[in-house]
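Here it is, the structure, as structure tokens.
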Amino acid sequence: MIKSTYLEAITSGLREEMARDENVFCLGEDIGAYGGAFKVTQGLLDEFGEDRVMDTPLAESAIIGAAMGAALMGMRPVAEMQFADFITTGFNQLVNNAAKTYYRWGAKVPMVVRCPSGLLPNAGPFHAQNPEAWFFRVPGLKIVAPSTPYDAKGLLKAAIRDNNPVLYFEHKDLYRDKAISQELPSDDFIVPIGEAFIRRPGVDITIISYGKMVHKSLEAAELLSEDGIEVEVLDLRSLLPFDKNMILESVKKTSRLLIVHEDTLTGGIGGEMAAIIADEAFEFLDAPIKRVAAIDTPIPFSSPLESYFLPNTEKIVIALRDLAAY
Amino acid sequence: MRIEIVMPKLGESVMEGTVARWLKEVGAPVARDESVLEISTDKIDTDVPAIESGILTEILIAEGTTVSVGETLGIITTDGEEVLVETDNIDEQKPDQERSPVINIHVNQEDIAISTIIPPSRDRFYSPLVRRIARQEHVSHHELDTIHGTGINGRVTKNDLLGYLKVQTKESSSTEKPLRSDQEMNRPYDLNVADITTMNNVRMSIAEHMVRSKRISPHVTSVSEVDMTDLVRYREKVKEAFLKKEGFKLTLTPFFISAIVDALRKNPIINASLDGDNIVMWKHVNFGMAVGLDKGVVVPVIQHAEAMNFLGLARSAFDLATRAHARRLSVDEIQGGTFTLTNPGMWGTLFGTPIINQPEVGILATGAVKKRLEVMEDETMAIRSIMMMSLSYDHRLVDGLNAARFTESVTQNLENFDYDQIGL
Amino acid sequence: MSIEAAPPATEADIRDNDLDEFGLNRADYRTLFSTMFLQREFEERIYRLFRQGRLEGAAYAGAGHEAIAAGSGYALAAQDVLVPMHRVIGAHFLRGHTPRDMMCQYMGRANGPTRGRDGNMHCGDWEKKIVGMTSHLGANIPVAVGIALASKLRRENLVALTYIGEGGTSIGDFHEGLNFAAVRKLPMVLIIENNKFAYSTPTELEYACENLVDRAHGYGIPGVLIDGTDVRSVYQSTTEAINRARNGDGPTLIEAKCTRLQGHAQHDNASYVPDEVLKDGQKNDPVLKAEDIMIADLHFTSEEISTIKAEMVEAVDDAVSFAEKSPFPAPEDALLDVYAD
């Protein structure tokens, strides 16, 4: 077992997959000698050489398109967007080219696009977004968003081995968070795409969440436990496909649901989950389905604005108490 | 003035740094922007320059120690006035500036992206889950209406319903069979000696209720007589006019109801219920009138009868009885009663020993009105219309004295009816 | 009949087997001309079927582009990858998509290359090393770059050939893709099919430089300007570019000038094209020019030419009747294959 931070887990996942399969290679901006903007790829250039840890020009569309071309050839590229926010400049290659290729003419596109996403303090509107909702509605793409080092490594491996284009959202603020470091097995392991995980079992309210908000939800659940309310925290881990069965089972057990995500409220994927549950578990609901999310604005820079913008433990607690009292 | 040297944040996700080397000793002077120490982080090694000129008076973190971003590493003391140093603590307001408070911890619920809970409306709302459980457990809608709700605005929650069901099963779990068929019949029988059918729901319901009522309340029945002569004559006199005016027949029933409602007002213990050790004195008189139908008895209730005048009672009674016969009563109209009137006299019965309609504590049965030869007060004899009246009452709550006062009150009201109130 | 390889060599072909200065022999010319004529015949038939109400969707014919299609397609080796756009159906034929395949594709049948999932020229087949295009023109370039990248990383000696219209050179992917390929010296060839109009937009509203091939200098790569109506020039320049790529010398930008002889699509009558441009284009009709070469330089008889044409017409007739009898996909098949296993 090796104690790893979230970031170290991703690095070791990359390293192991590149060692295991010579078709796996990394491409992106500043990932080679510089080791990546967040140092995720640090050390990999020395180990695997510049053919497999490739510094590209500043060109997201070309990066993603080239990743698709290489994937068509049977390689398994792992493209990095320096910040998830920059994926928009490669949007077309992802949603119209990569996502639709297998459906249209049967050629597999086994590629991964790693996206450092989520808010770091004062990162502002273009370095802090959670863009998963834009892609959630693209059939042909898969999306994962781990919240722990174990899942970060396991899901990265699963994504690399998957024969479809996979968006991998790694939350920047979890990279070096010592509080969530874990002992990881030294043998190979994967976390299957499409499976959620109950981080905390409970009976009174279900929280569905992913990414960093899982940890905020757990904090809130602990506070409510002091009042005798036991909140079940379900970590989605995969956003597309997502684990509908586990969600329905949990809601049927607790009959009250809160969805928490760091992405903004309107059009965030929580709305889709709520619609599905309202449809398929209507008779198991003893309260309306509620969501805690960021407010519907661009991400502001200054600290007081930012803290108003963001969901946090306090806001989750308020929502949980309301639900419990309903 | 003390200026803190803090561990700077270099790089987006860097949370900590290490003090690599102090470039100055304690007591040494430093100039503004001069490097004071070297630090190293995951991403970069660099120096920390002084914010102001002064003396390095304190080194708080030793070389080789790793601390979080923002921690104080050392102190530079300068000459000059105390000035607030720029820190992250932006709650502090400069007194001569108007600054609105920042970092709201207690956010206004409407403003943040938590869609607020809208409490359910006052008319009893049952969530999909509660309705489903009710359906599965055969809890009728009007039974749901009786359950106490602990949710917002008295909403019945899942737990409220489940709690109610648990109590129900506890009550009935002590006897596994329903009370109504508590004892099996000892006599054997078969199709040769008897025709056999099963009781329908209404029958079962009545049977259950009657057995339970007798078990709950120790029944005492007291019988009295009422001289109905004046009333009968009055009715004869006005019945045509009444029918013409009101469109329905004037029976004795509204007279009974009127008399009883007044008597209940004066003897409120008869208009009460017992809930465990609680005596529940109902504020309204919800007057139930037993109506015999082919398949059984139904008791429509005149709600808030104490607020109605004679005509109101007459109309209400007629309407409810008509709809009872037509099977068009709503659920609300057969619940919530506080006292019941039954009239076996219409079939010729002299008097009865009626069974109390739970959770009430009294039920009055009026017998047939019969012409009899009576000995009057002045010891003359006269032919009078006499009716017997029997009150069954729950002796847990009602004593003979209360009962007697009550029936005396009813009798007085009937024998000295205030015909003016009728308005004919 | 389908063209998957060269048609069988005739006695004359065997007799006259020498390669000429363009590196082509008689059999090659036979194949090239057949392909060009087939493209013309096939696409005219498509437009006719539309006007007859027997086709749905849209079609974007490559009349005027036949030399580019056949000449460049023929320069590919078996292991090379074709990343086509919509006016080079001749290259599809050379790589193994038959007229039946393409007609079923246009008619949205279950046995077409995309099983009805996409229409007109948006088909691909990795086994034939043909990449399916999208409607976002230019998006093909980074994909070709990626294929070339993989080829280089794996030392596979394989070249990616792709195309763009002069209008498409305005889009970001042209720049991003070409730059990436140039920086990394990737084995890719990009042919600009400059047919003077991007839908209705003439070149003077599309770019400001004299010739698009001038941009090659900006990317640090060789640029070649050719007459796109001359199949020999196309073949020769593409071959040279492919060889350069295969030798590790990186990408080449070829600008092939031609004229679009029809509207942008079957729904466009191209009234915006000035008469003299159209007339000039018709005078330089690549199929007619190829036919002239066949007769004048290669001494094909008019009988042989007629036979070839008749065979191509028959191939198209066969494709139409085959496709019209082919089944449509089941409606619920729409749900299948969103994801690969």
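Per-chain numbering from 1; labels A, B and C assigned in written order.
Quick note on the criterion: contacts are C-beta pairs under 8 Å (C-beta built on N, C-alpha and C of every residue); 3 or more make two chains touch, one makes a residue touch a chain.
Please read all numbers here as calculations on a predicted model, not as lab measurements.
Student: So with touch defined the way it is at the top, what topology do the chains form here? Options are line, ring, star, complete, other.
Tutor: line
Student: Compute per-chain Cα centres, compare each with the mean of all protein Cα atoms, and return the closest chain.
Tutor: Of the chains present, the most centrally placed is A.
Student: Out of A-C and A-B, which chain pair has the most contact pairs?
Tutor: Between the chain pairs A-C and A-B, A-C carries more contacts.
Student: Report the inter-centroid distance (CA atoms only) between subunit B and subunit C in whole Å.
Tutor: For subunit B versus subunit C, the centre distance works out to 79 Å.
Student: If you average the CA atoms of subunit A and of subunit C, how far apart do the two points sit, in angstrom?
Tutor: 41
Student: Between subunit A and subunit B, what distance separates the C-alpha centroids? Give it in angstrom.
Tutor: Distance between chain centres: 46 Å.
Student: Tell me, which residues of subunit A touch at least two other chains?
Tutor: Not one residue of subunit A touches more than one other chain, so the list is empty.
Student: Taking the complex as given, what residues does subunit C use to touch subunit A?
Tutor: Result: residues 81, 113-114, 117-118, 122-126, 131-132, 134-136, 139, 141-151, 153-154, 160, 172-173, 176-177, 179-180, 183, 337-341 of subunit C touch subunit A.
Student: Contact residues on subunit B for subunit A in the complex?
Tutor: Result: residues 12-15, 42-43, 88, 90, 102-105, 107, 109, 111-119, 127-132, 151-152, 155, 157-158 of subunit B touch subunit A.
Student: Note which residues of subunit A are touching subunit C in the complex, please.
Tutor: For this pair, the touching residues of subunit A are 25, 51-52, 56-57, 59, 61-75, 77, 92-93, 96-97, 100-110, 139-140, 142, 163-164.
Student: Residues of subunit A touching subunit B in their complex?
Tutor: Going by the criterion above, the answer is residues 7, 37-39, 120, 123, 127, 172-173, 175-178, 255, 264-265, 282-288, 290-296, 303-304, 307-308, 311, 314-315, 318-319, 322-323, 325-326.
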